[in-house]
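Look for chain A in each of the two complexes below; its partner is chain B in the first and chain C in the second.
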Partner chain A sequence: MTRDTRDAAWSRRVPSSDDTLLATALLPGMLGMLMATLASGKLERSPGWLVLAGFSGVFLACHVLFGRGRRVGDPVIFSLVAFLSGVGLAEVLRLDPGLATRQVGHLAMGVALTSALVAFTPDLRVLERYRFMAAATSCVLLASTIIFGVEAGGAKSWLDLGPVAVQPSEAAKVLMVVFYAGYLKDTRVLLRRSSRRLLGVLLPDLSYAGPLTLMWGLALVLLVFQRDLGAAVLFFGAFLLMLYVASGRASYVLGGAALLAAGGAACSWLFPHVRARFIVWLNPWRFMDSAGYQTVQSMFAVAAGGLIGLGPGRGMPHVIPAAPTDFVFAAICEEMGLLGGFAVIGAYALLVHRGLFWASRARDDFRALLAAGMTSLIGLQALTIVGGVLGLVPLTGVTLPFVSYGGSSMIASFAAIGLVLRAAREEQEEQEQEQEGGRVGVEG
Partner chain B sequence: MKDSVRRISIAFLVAFAVLSARLLLVGVLRAPYLSAHPRNPRVAALRRDIVRGGIYLSRGEPVAKDSAPGGPRLYMGPPGLVHLTGYEDERYGTAGLEASYNSELLGLGRESSVGSFARNIFAGGPARGNDIILTVDIGVQRAAERAMGGRRGAAVALDPRTGAVLAMVSNPGFSAGQISSEWERLVKDDESPLFNRATLGLYPPGSVVKPIVAAIALSSGMVSPEDRFRCEGAIRVGTRADDERAVSCPDGMAHGDVDLAAAIARSCNVAFAQIGWRVGREKLYNGLRSFHFGVALPFDVPTAAGAITAGGVNLDRAAVAQISIGQGTLVASPLEMACAIGAIGNGGVMRRPYVVREVRSPDGTELRRTSSAVLRVPVPATVARRVKDMMVEAVTSGTARAAGLPGVRVAGKTGTAQNPHGAPHAWFVGFAPAEDPRCAVAVVVENGGSGGQVAAPVAREILRAALRNTLR
Partner chain C sequence: MAFMWLLARVALAGLMCLFLYRAARAAGLVAERGRLPRGRGRGELEVEAGPGVPSRGERFSLGPVTVLGRSPESDIVILDPYVSAKHAEIVLADSRFFVRDLGSANGTYVNGRRLSRERSLRKGDRLELGDTVFRFRG
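The block that comes next holds the complex of A and B.
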């Protein structure tokens, strides 16, 4: 198959506009919000109606503004984000209507940011120029939390700005991936060339291994000073995956993972709070009154849901600690059942698949790396927290992207997905131009 | 670059699949356990709205039931059975059958695991848990309690043909209804009143193990009923000449030349030390194993495993002699002794003990009925019959005469077990009627002294109550 026929076949597969796709994605969340509102008992002047209207309004407005999804980059990704946001908002509404009202505001800001990125970014390659500035900003943001940060939930990753508290590490993650993409594009040719072997493993030249160890160091600093295991895993994990994309060397990823494991082992040996996380993960039941409480309560909630769940408003998700934020997945499983849980996991799997699909299609290396990095960031974050909630991996305090309550996380996730959508749109635009050029060529 | 992106895509897919599998594990496979976990706040919420199922004896006599939805729970059962039935308390949790049948009593049984909370809490469905019906017979239970008379110790009576427990007493006891107010005193009490001596208490069995050892000896082929053993009142058990350790008969009585039957009837320690040596340590150890010594019995409430040795088969000559007379490292629970002696009475077939006969739904339908099951077949029927006859002789003309009942052949064996806590424990094991036993008993009175004088009369009263329909 030639490239052209493949592209033609592919463009037939991508719907140019699909109202039903978005409607289907919005429906579960809207039904959930409706059920939560009905279950709350106060139908008049319930904040549920406002939340329901705000949620559907935000996504429909964006849909309409982008030519009914035609110009949004990828209507599938956009719809998946709408689905996840809706399910999350429904559960947050059921847990705390006040939070849900604010979450609608976060969603509006997030969708606006995504829209701006998709519509007004002149060209993603412009971002490449600012890669070092992105890295510097990211480091400053991280440093600010280390110096001025306040502790919440074991991690010292919050900045208290009077009326609002923000989590700068959320923005730092996205900025850091921008830097990774720029840096790896520069060095990718060099990274692929390897000169030495150690025990049969290809080793990069020391000068190129430098950034790898630097990133490793950064992850450890996060771990130690911020007590933020989750952020450490995300920063380093996204970097490793992007390094693999750039170099095609599995040995880098394995070596990097080994470094992280070694660093983690050293930290758990040196620092009791890191060690406690691992011990609790191995057997939460032994610590069900102390450090294992969250995990055990979350498993109780997941088990209570059954296949279809108890319905929003009918379970007891209030007893799960941090239910609207880190443990929102457990609350969803309790009230929307295993089917709800599988739907959320499936939505992430599709989202990641779609994002990486655009990365693999991108003809520009920076664009590919950026799309792959942002997608991996979201995918890793979902894996980390859902795995933690289900006791599969040690528990880390990260949010479930698009689902958990939280302004910083919501806006950062929308920024990340906005860049993926922008990459998709640029890809499509370039292709259209090529096709037009081709037609002109044939005609002339 | 395309290839590596594709590989990452596949890796993510695998990771999400693993996550889904984990969700299945927690949400489906572990759900019944998690949903009935006593520390699950949903269970407590459920408890407040539900009439917890009742516990009833074999003919419907109530032991425990809720006065209203959410309690308080009323306990009206025989006081000696309290360890078995246990308690349920908001603060101190559950124990006994209240613990092991918690999910049944709350109506979270197997038929209603997934999504049961919705039905129970909101849909106004079954606001009642399931009832459990025990095999315990009120007559036998009362007789056992009366005969024990509050003395420290335990008594177990079961039907050796099925394994159904007819009575179970553990002394001292406590009041299940007053557990929250009495807790501090109960946990500090030196006599451990919360402890179920019948299933968890481990005692050296002393001479009551002799019928078991005799059965092992006969089935091993190393000893025949005609073999005679010389008793001069004591025998050295060490291997070296300067080893002064010895096994002796009570008061240094020399029994002369005794065969197996006489050794049981007169409880001759010296003969049994020699029988143990003749059988050999390996066959003795494995034989005791086959009678379930040293292994926890499957039962409706937790049981203690007991022990044959401190570890492994490596016994020296002295240890073999000690174990053969039920001393040394050998310890067993009263339930274990009742099951083992029941196997002798039941033609060598050991039944799995059980006490919950059935689970009934609130409307009275039978949900589950326990079926009797063979646990082990430690010895052949011919051997069991021979040992049974020897035990009958012990009651008619030997040390166990106090267990005799008019008009019925009782088989029994006494024990007076030395222990480091003071006076010997008084033991009795037996069954009746000997030709077709319907009740097997094990009685231990802690520091009670002579088994024949203290434990045998208790066993007699239990057997009398169990056989009351056939006795004149």
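The block that comes next holds the complex of A and C.
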């Protein structure tokens, strides 16, 4: 094989700057916002125009600042995020113009954070040094909600800071993945080694099962004290997926999933509001006037949308409780149809594919685990809430990343994707250095 | 007016799907210009025997370029004293995987034959580096 074949194989997978891809990503959101504004009937002084201009301005500015997408790490990931944000913003605008203007602010902050992470992070290995600080901060954030938290929707996960309410568990999730990546990098060789077998399944040595149990305990504490089922699933699920990436052992994942199921069963026995979620999931129609109202309304909305949807502004997504936040996917299906819903799910699938692609390319273990972890976090969160909205899995209140209304969740998702893009960019920079003149001492 | 709205609805759903298609193509998941998608270009190495790391039964999926060796920079790190730092590499070209030796001390063997130049891997091929044996799964 010649050098040329290697380079060709590489360049096929890394798209260069692509203006038209970003344009295609922005168009659906912009058309959606336009339709929502037209349908609302008042064209003059409508907040729709402001939202439309703000949304396209934020993403175009970022695109231009990063050399028309060349230095952003991965233009495909960037366009996918722009697409999801646009579609979400259009639906939020249609549901509540006031929320949409605030959401533009969240978007601007999120994109600014992503840009800062991609442009100014000196090196991801610097982040690795702070892994224990990340874990400690994460625990403090979680503890703060247990002590000072305000209850909303059965979960006690909000902090009331006067003018704004924030959800510290969103930031805690991202910090925890940073810690997992550092921890698993240190122990991955040990985790892969094991001698004992039980019924043909490789078992890890007991001493390495300790951290697994610890994370399980943390998830349960979250569940018990915060009554936040969604956060517990995400914390533990992301850890299991990263453990699988680091060790290649399905037995850890199966064991962990069994532990989570056991914990969930115990909690549903102890807490009525968790039990209610399970019972409603089994048959929402029996409770369509009470606990199952939300799920049933969301299923009606999805059905009403048909193939192409009713168009933003012409459906009735208002009747679904929490439509702009947790149930935004049902509203999207109602007004943008089955095709729109598929496109959104497909965008998450592609996002996961690209994130794992960069994780598999990364020559540094920490970088690989970080990219895989952040990707799993976003993918898992999307799966949890889309499944919940459609009644496929028990409903847990988490947001749809980049789409749902919510400042904390928006900024946390942008931070996560910023780290993935940073990992991609570092990988590309090393690749370029190598091509210029042999291996430069990149492995410290 | 109702017709215009119908057009807008079709355009919205269509644009969403168009973007997904274009993004998938940019990610290399869709065939371009009538070429076969890289469905055939999937390969996996399964460890059949080895002195420890990687352990038996472990599987590695192959990327566009996979370097095997003892150095921690390799894509597949083999902790085997008879394996060189950069021992061999496997490259994907035209939906096939080619293996070549990178000037290792003890050589790379495919089905018992020492490699002198690159050769393509076929399903079930046995790849030996030092004491470590892989099986290629197409």
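Assume the second predicted complex is superposed on the first by the 423 of 444 C-alpha atoms of A that agree within 3 Å, B and C clash if a C-alpha of one lies under 4 Å from a C-alpha of the other, contacts with A are read in each partner's own complex, and residues count from 1 in each chain.
Basically, a residue touches a chain if its C-beta (ideal position, glycine included) is under 8 Å from a C-beta of that chain, and two chains touch if they have at least 3 such contacts.
Just so it is clear, the model here is predicted, and its values are computed rather than measured.
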First (chain B), second (chain C), both or neither touched by A:28: second
Chain B versus chain C as contact partner of A:353, first or second or both or neither: both
Which superposed partner A:386 touches (first chain B, second chain C, both, neither): first
Which superposed partner A:79 touches (first chain B, second chain C, both, neither): second
Partner chain(s) touched by A:248 [first = chain B, second = chain C, both, neither]: both
Touched partner set for A:314, first chain B, second chain C, both or neither: both
Partner chain in contact with A:336 - chain B first, chain C second, else both or neither: second
Chain B versus chain C as contact partner of A:300, first or second or both or neither: first
Residues of chain A at both interfaces, chain B in one complex, chain C in the other: 248, 307-308, 310-311, 314, 342, 346, 353, 357, 360
Complex interface listing, chain A residues touching chain C: 1, 5-6, 8-10, 12-13, 15, 18, 20-21, 24-25, 27-28, 31-32, 35, 75-76, 79-80, 83, 87, 189, 192-193, 248, 307-312, 314, 336-337, 339-340, 342-344, 346-347, 350, 353-354, 357, 360-361, 363, 439, 443
Complex contact set, residues of chain C against chain A: 5, 8-20, 22-24, 26-29, 52-55, 58-59, 61, 63-65, 72-73, 75, 89, 91-93, 98, 100, 118
Partner chain A, residues of chain B touching it in the complex: 1-9, 12-13, 15-16, 18-20, 22-24, 26-28, 30-31, 33-35, 37, 39-42, 45, 114-118, 122
Touching residues (chain side chain A, partner chain B) in the complex: 241, 244-248, 288, 296-297, 299-300, 302-308, 310-311, 314-316, 319, 333, 338, 341-342, 345-346, 348-349, 352-353, 356-357, 359-360, 365, 368, 372, 376, 379, 383, 386-387, 390-392
